[in-house]
Amino acid sequence: MRELNVESLARVEGDGGITVTLDGKKVKSVTLDIHEGPRLIEQLVKGMKPEDDITVIPRICAICTLSHRYSALRGLEKALGVVPPEKAQMTRELMMLGENVESNSLHTFMLALPDFLGYPSAIAMLNDYPDDVKRALRLKKFGNHVMAVTSGRIVHGENPIIGGFGKYPTKKALEEIRLKSHELVPDAVRDVELFASLEYPAYPEEDMVFMSVNAPKKQYGFAGDSILISNGKESDVEDYKKLTNERVVSHSFAKRSLYHDKPFTVGANARMINMGKRLDGQAKDLFKEHYSERWLMNPLFNNLAQAIEMLWSLEHMPDVCDQLASMDDPPNAQPTRQTGTGTGAVEAPRGTLYHHYEIKDGLIEVADIITPTAQNLDDIEKHMKVTAERMLAEGKSDDEVRLKLEMVARAYDPCISCATHLVELRRI
Amino acid sequence: MMILKMKKEDLSTFLDSIREWGELWGPVKKGDKCTYAKVDSLSQMDLKATRTIIPPKKFLYPPRFTMFDYDEEGYVERLGDVPKRILFGIHPCDLHGVLIMDKLFLEKYNDPYYRERREKTLFLGHSCIPDDKCMCFATNTDFIAEGFDLFFTDLKMFYLVWVGSTKGHDLVRMRPELFSRELDKNDILNYTEYRKWKNAQFKAQVDFTGMPDIFELAYTSPIWDQLAEKCLSCGQCSMVCPTCNCYNVTDEVELGALEGTRDRFWDSCMFREYSLVAGGSNFRDKRADRLRLWYTHKLQAFIGEFGKPACVGCGRCVSTCPVDINVVTVSNALKELEVGK
Amino acid sequence: MKKMCVVLDEREVQDNPFKPEMFRIVRRYPLTSDVNFFQARPMDVDEALKFNYLPGQFIMLSVVGEGEAPFCISSSPTRPGLLEFCIRNVGTLTSSLSNLKENQTIGIRGPYGNGFPMDKLEGKDIMIVAGGLGVAPLRSLLLNILDDRDKFGKVTYMYGARTPELMLFRDEFMRFKERDDINCLLAVEKDESGTWKDKFGMVTSLFKDLGPIDAKNTVAVVCGPPVMYKFVMEHVVKLGIPKHQILMTLERRMKCGIGKCGHCAIEYLYTCIDGPVFSWWDVLHMKELIGRGASDKTFA
Amino acid sequence: MTRHSPKIGVYGFTGCAGDQLMILNCEDQLVDLFGATEIRSFVMAKSDNHEGELDVAFIEGSISTEEQLKRLKEIRERSKVMIAIGTCACHGGPQSMKLGENKFDEMYKKVYGNAKIAISKAFEAQPIDAFVKVDMYIPGCPIDKAEFLGAVTKLVAGRHPYLLKAPVCLECRWKENPCILYSGKFCGGPLTKAGCGAICPSMNLPCVGCWGPTDDLNASSEYNLLKEKGYRSEEIIQKMKKFGGAKMAKLVAEFDKKEAKA
């Protein structure tokens, strides 16, 4: 028996590693180990007021902080019978677009691209690819800016609250975003072209199932009240538990999910596969141009999907800003009840994120959070395993195998710190 | 002193015409409070507001600004980038506050940063509507005879306009037709009426006479410890008080070089770090010591030195301290030897 | 109407009093494990001779990128050209300063503070009592007096340190012992190295060796750590020296040195411009000068 | 601390990775930062990580497993200066908000049941100074770009960073916000170290305390005030302890005890 280890998986958010166990020539198992300590966040918010919960919950993950906040707000508002004013909903949309640009540019460039080009980090690429790195930083900075304007600061902004916002972005700030997003579209197009020009190795290819929210009004988007599955089914978000059965595994503080006992995929590629037809603008054209059957098999295409999605987000911003600028600041909506349950689902950049709440007399009784990485973990292991098997069969060196495994894991943009999310255990 | 008369409805025209001198600033609503903000016209101002959260000291001495750019060769002062401003709607107490700041910053050593801003700022005072927190009657700062460029007293149909400086006079001369020198008996009657009315508005229960002695007598009073138990050490009182001038200085460095800026920012004697000296010894380690310093400074020391308190009675500490520690409660507590609810 | 306001424009523009001038460190060596001696002079040599000050005054010293702090001048104005300091390494600025080498630059502005009233000291007997780093300003006074020796009456210098190694300027002071125009009394509390040939004990123990003094014509100058004052003052007052003829220098946090930043304020006084030299009489009715505030009943 | 290219390591433990992310968020300075320092280890940013002697180790996150503890101590041994970045490392972070309440085992069971997790033994999250000596604290959830860069640039220049010790109210007043606490509602400002620029009160929202406790705070006075204003005890304590970590747990225990006696 032999082990092939990646002790610390670099360029992901959080602390994790990969262990491949070989039995002679056969791959016995491939695991993505999570070394992050447990945080028990769902337990901590028990007994809290919803207003306190939304300040704790985003701290699950710095990268999808706004997705967490938004998902929690959706769940809590359903539970409390709050209908946020239109301007609040639209401002939330803008903030999600910002997070999408920020996170997708961070992941594609800083975390994933160095693998494809053979560098240890984006900074190391600076000499040979200065334009690409600087473009990525520009996009990321702008994404951060949109997050800061809408949520109050770059990470863990407190501005979005139940029923609305502490303070709405000013007209001037919206105008700036409108102009800048427009200006950055060519950058994003170039990114799509770059990612389309990369070679995606075939090792990890295997049948996949994809899930994402169903954005309302038949549009592309990052929040919705039902879930689309690539097998053609659709399911209400309140039934999230049926979609994402969770279990504990021994090598990780993160929990795992299976759909019909099989791993499934969430993320930008899942969104493209489920909602790609709804794209518009240049994003639509580029998606059409670069989409192929391989997307349905190969998780590495998530990188390309993220690039296209980032373009869509940028293209979409001016319109949202215009609409926002024409609206007056409404008062925040207030709870109409103090007891109730609700589930929120949003598309974090790395996939569907569920927040389920049960509230009694104004205090939280149950909080249940299912993060995208928790849903993807089994899928990652599945694809890593086939990759390892095929490569070892071809007699590839350990180093090569290691790198490809890392690439597969990284393609999912795993957010290991948020994978430490914890829920009450339900045995199946 | 030159006193002129202006029709109420002409004010807006006047302010529009003097804007070429500099930016126009005035009191503007912020939540349920009020702040001095840059405005385009009179209509944006809230002239009924009694007090702004921060007094006009913020113009003369901003919360944080750069004093020097430096590198290994030396220090180059950063002066000259202050815009010219006209502040409209400053009340007598705040003008008294500015006079005290003048004393602190322009006497003995002359602070060029303060000085520059002082020179580039015109103060256009305005009469006020006292509320239950105002106590300028007790500090003798309810009216003002100096420190402004123009002062507008609202007499319903008219403004009486005091011209307090040559710059103020220059402003008048920009639209001389809006001002009249013809004052008659009615104006005197209206003005006396106004003063009577204003004097009748004060509700605060406060009397600062004898405070220096009372402070001396109460030096070791347990009142200070009782107050300290409540004090949050948040420093808000210092920030909002028109006569608090304390600041701190820090050097910022650029990445990878020995150059940067020397910045100055508001500090408060309510913070523990304020009196810390090398070796870890702190002359005012206890909150009680710090509270006593603050109030001694306002109500005892200054009177001893200048014959009047360093409090101008603006009531900001009253409308700011979350745990109700302010010149009224403290001076009453010292006299009655018990901390009121 | 008393005076016109805003007549500032007519005032003459002064130099920026906050602006440090660059000085070069000429010499630098350790006096003890944590106290360094510095000699510095303006980059511009002509300026060097113009820098005039009184013993007891201080300057604000800047280390580029670190900040500013007040330090007493330890050299004597009778020997112009160079400024001397002895500086204890206690914190951020002082530790960066201790890393500077000869020929590197520092910023200096000043001198500030009242300093010792040299004109009033003339003709008086002078009694200097130093403890620890209190030597810093007192050395300036002592050197000044010795350079102008005939202007003063009897001169007594008392200095106590914990060990011989911790005695600042030990060799310099030992040489004073050989002079007959100054009564130099030195003591250490303990001596593990066995090199100390002089008196043992706290600085207060030196009072018994004083001999007769003309109390009414004596000015006592005391400087040392706050704890020292209480004990030394008892002895000095017992000698019968009038309270306003007992001087001391005080330390407070300072950010400007010129009465603007407020940190050193005590009631209506600023340590920086009204001090740092105060009399014992000031201290007795300004409790916070050396007391520790409400909790301290020493002066109640 | 050397003036030229200090050797730096950035490490993450239990937390949200937000502080490391904030470092990556310094888009305008990132290139210079990598240029002015020798970043030997920064797993989230790059894969060629070499351990070894460090001038400065930046530690993010709290410590909650034996494995992490071992690693932390090992890093401490080879670092001249250790700086805690972020409220988790400085105070414990949200995951240690129940410190002192002895609820960890119970909560842990609820989450994992009796399932065996082989990789490392877990315990209630604690700030890193519960285990090793910390030379400097740069709190914040997440850290503020300007505050962090201000400190790093000074370290690179061989100087000492200066961080505000005052409470958030200082900066809140600079921003001239109407005081939330004065209006009778909870605000964590007086209890929380400044440095963020009073972001939350500037958006009409209470400070939730994410910079962690300030140097000199009067928690019991705020507690009494809020009780007078009609807040429930548990709610006030929950709000205070949210980001208050070990220090606040101690303070709260003190006035809780006093209250129980009274």
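Note that the chains are named A, B, C and D in the order they appear, and that numbering of residues resets to 1 at the start of each chain.
Everything below uses one rule, namely that a residue touches a chain if its C-beta (ideal position, glycine included) is under 8 Å from a C-beta of that chain, and two chains touch if they have at least 3 such contacts.
All figures in this text were calculated on a predicted structure; none of them were measured in a lab.
Engineer: Can you list every chain that touches subunit A and also touches subunit D?
Structural biologist: The common neighbours do not exist; no chain touches both.
Engineer: Going by C-alpha centres, which chain is most central here?
Structural biologist: Checking distances from each chain centre to the full centroid gives D.
Engineer: Counting C-beta pairs in contact, which chain pair has more, C-D or B-D?
Structural biologist: Result of the comparison of C-D and B-D: B-D.
Engineer: Measuring from the mean C-alpha position of subunit A to the mean C-alpha position of subunit C, what distance in angstrom results?
Structural biologist: It comes to 65 Å between the two C-alpha centres.
Engineer: Distance-wise, how many Å sit between the C-alpha centres of subunit C and subunit D, to the nearest whole number?
Structural biologist: The mean C-alpha positions of subunit C and subunit D differ by 42 Å.
Engineer: Roughly how far is subunit B from subunit C, centre to centre by C-alpha average, rounded to an integer in Å?
Structural biologist: Their C-alpha centroids are separated by 37 Å.
Engineer: Using the touch definition from the top, which residues of subunit A touch two or more other chains?
Structural biologist: Counting only residues that touch two or more other chains, subunit A contributes none.
Engineer: Of all residues in subunit B, which are in touch with two or more distinct other chains?
Structural biologist: 250-251, 253, 258, 260, 267 - these are the residues of subunit B that touch more than one other chain.
Engineer: Taking each residue of subunit C in turn, which ones touch at least two of the other chains?
Structural biologist: 65-67
Engineer: Among all the chains shown, which pairs meet the touch rule set out at the top?
Structural biologist: A-D, B-C, B-D, C-D
Engineer: Quick one: in the complex, what on subunit B touches subunit C?
Structural biologist: Going by the criterion above, the answer is residues 1, 67-68, 70-75, 77, 79, 99, 104-106, 108-113, 115, 118-119, 145-149, 164-167, 219-220, 224-225, 244-251, 253, 258-260, 262, 267, 269, 274-279, 281, 283-286, 288-289, 292-293, 296-297, 300-302, 304-305.
Engineer: Could you pull out which subunit B residues touch subunit D in their complex?
Structural biologist: Going through subunit B, the ones touching subunit D are 30-33, 35, 52-54, 58, 63-64, 229-236, 239-240, 250-258, 260, 265-268, 271-273, 287, 319-323.
Engineer: Can you list the subunit C residues touching subunit B in their complex?
Structural biologist: Residue list for subunit C touching subunit B: 1-6, 8-9, 11, 13-14, 16-22, 62, 64-68, 88, 90-91, 94, 105, 107, 226, 251-253, 255-256, 258-263, 265, 267-268, 273, 287-288, 292-295, 297, 300.
Engineer: Given the complex with subunit A, which residues does subunit D contribute to the contact?
Structural biologist: Listed in rising order, the residues are 12-22, 24-25, 27-28, 30-31, 34, 43-49, 61-65, 67-68, 93-95, 97-98, 104, 107-108, 110-113, 115-120, 122, 125, 141-142, 145, 196, 199-200, 202-205, 208, 210, 234-235, 238-239, 242.
Engineer: Give every residue of subunit D touching subunit C within the complex, in rising order.
Structural biologist: Residue positions touching the partner: 154, 157-160, 162.
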